[in-house]
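Heads up, the next two complexes both have chain A, just with different partners, chain B and then chain C.
Coming up: the complex of A and B.
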């Protein structure tokens, strides 16, 4: 999966759960938790989706602060 | 050391009695916290220690922190029930109360001072940032208690910001700087650390997972072991639950909290049980 593909897949996943998100959002650097595009109830689902995208497991105990701050930070943590 | 602190009497059920110079220090510390609150013209509120359980239910508190709850219980108010209570042995030799029928419980003893403020502001719409402060006696049931450090009841001063994302973040940043200036000035050995709240069964709680990845809570740790203050960004958690709005959206909230007895412990350990303490 290319970097663009991963970012677009994450963007689509977020938009599907936030139909009111303005066009073009969330951008790669948008603070998705601060903007409430990602809530605590969705974090576990997002983890499962990331595992599906990267086709490799994620150890939830090794998640670092800030890892879900933006599409950029998710990409850096799981797809690089 | 803590056993020989003048002005401290440990009650033994997780509570302490303060008097003399230690009480004076507690009041001086709170005055300092209150002076920080005045930077934002924070409105001071004094709430009762009893909080309606329905307030905490709005934020699902009883599914995350139920192990901390203390409920005020009252006897069912009918004459026969009250007579049965006194006819029996109300309190046995071990100190255990033997209640007869209890009235339905609908309240909880305040577990954190700021909860009252969100309920107080429920349904309001703000068009600018708002700042509040409050101090309350808080109650948290624990497995073990330590004088001044982990108590069933203790005093908490909080300063709360309700505003936008940017305003709440700026508030936390400024509060952090204010605290840093103070502790540096008196030479207290402390550091801010990323922290999480004491969730029940944290591994199964999505809010705990969220706090691990979203650093919204930082604690000021004394000697790497005792949290004496915390800063907390709540996003729209309380704004959404209590229908508090800012510009048509759920308001964002943040708070800085000070555990007064824990500050006393830090002072006693750092400066000695009899001082001199910084003025």
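Coming up: the complex of A and C.
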């Protein structure tokens, strides 16, 4: 999966759960927690989606603060 | 608070009367073969889906073992959240009247985690990790307590539906039946306490909150129900049971009509206390 594919997949996942987001949002650097595009209750579901995209499990014990702040930070943590 | 105080006295007396040593309550075999039922087949997350039908009975039983490990693991994580929250509230302002029972609640939850942890580590060699993450946020006065006890109520009501069924299921290996039966016996008190304190907190605070706080609580609890159920469809389980693409199985099972119907039926039952209290709109 290319970097663009992964970012677009994450963007689509967020948009599906936030049908009211403006066109073009969330951008790669948009602060998705501050904008409430991502809630704490959705993180487990997002992790499963990330695992499926990567076809590899994520170790939740190794998650660092700020990892879900934006599409950029998610990409850096799980797809690079 | 009279009704709540009476409940606290009654439940505390019951906890003292039935106090048990967690290290003697369960008979632990040295080893367990996986070709036995550990979860009632009808409660296995894939039941009623094509992925269940494609397994022969020994493979279904093996899956039922990993489903039990997942059920006990999510209980360990749920009870850790619960114990942290109960300990945080011991003797805090507004919680003085229930402190006596919070001690029993904490004690019993710790015992349950001993049972769940012993099974997982002894027979599976692991506990499935928790994928939940909590972001810091602001709360209106009283909102955090209400949300805490309402979420505990949802979590425990769902778990108890499983415990009730599996505690009576003669097909299950005895240790699995004992864990579920013993857990249900003590959870019955916790459910009574949870219903009573949620009712009390809602009556105390709901009229003082602006509508956006009430709406936020209801939206959060709706999301919590979904997030709680999501843990029952764990790709780690499907990987250990031998499925080649465990994430596709998890996604497919979650969306399958049999699973949706199963969740809806149990959820309707488990939300009745919150509906009755007015926390959730009827």
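A few remarks follow.
In the analysis below, the second predicted complex is superposed on the first by the 80 of 80 C-alpha atoms of A that agree within 3 Å, B and C clash if a C-alpha of one lies under 4 Å from a C-alpha of the other, contacts with A are read in each partner's own complex, and residues count from 1 in each chain.
Here is the rule we go by: a residue touches a chain if its C-beta (ideal position, glycine included) is under 8 Å from a C-beta of that chain, and two chains touch if they have at least 3 such contacts.
The structure presented is a predicted model; accordingly, all values stated were derived computationally and were not measured.
Chain B and chain C, once both complexes are superposed via chain A, clash. After overlaying the two complexes on the shared chain, residue contacts for A:69 are found with chain B alone; chain C is out of touch.
Contacts of A:59 after superposition on the shared chain: chain C is touched, whereas chain B is not. Contact with both chain B and chain C is seen for A:43 once the two complexes are overlaid on the shared chain.
By the touch criterion defined above, A:33 lies against chain B and chain C together after alignment on the C-alpha atoms of chain A.
By the document's definition of touching, of the two partners only chain C reaches A:51; chain B does not. Among 23-31, 41-49, 131-139 or 185-193, the region of chain C with C-alpha atoms clashing against chain B is 131-139. Chain A uses residues 33, 39-41, 43-44, 60, 63, 68 to touch chain B in one structure and chain C in the other. Across the complex, chain C is touched by residues 33, 39-45, 47-48, 51-52, 55, 57-61, 63, 68 of chain A.
Touching chain B in their complex are the following residues of chain A: 31, 33-36, 39-41, 43-44, 60, 63-69. Of all residues in chain B, those touching chain A in their complex are 165, 194, 206-207, 209-210, 212-215, 235-236. Against chain A, the residues of chain C that register as touching in their complex are 129-135, 137, 220, 223-224, 226-227, 230-231, 235-236, 239, 247-248, 250-251.
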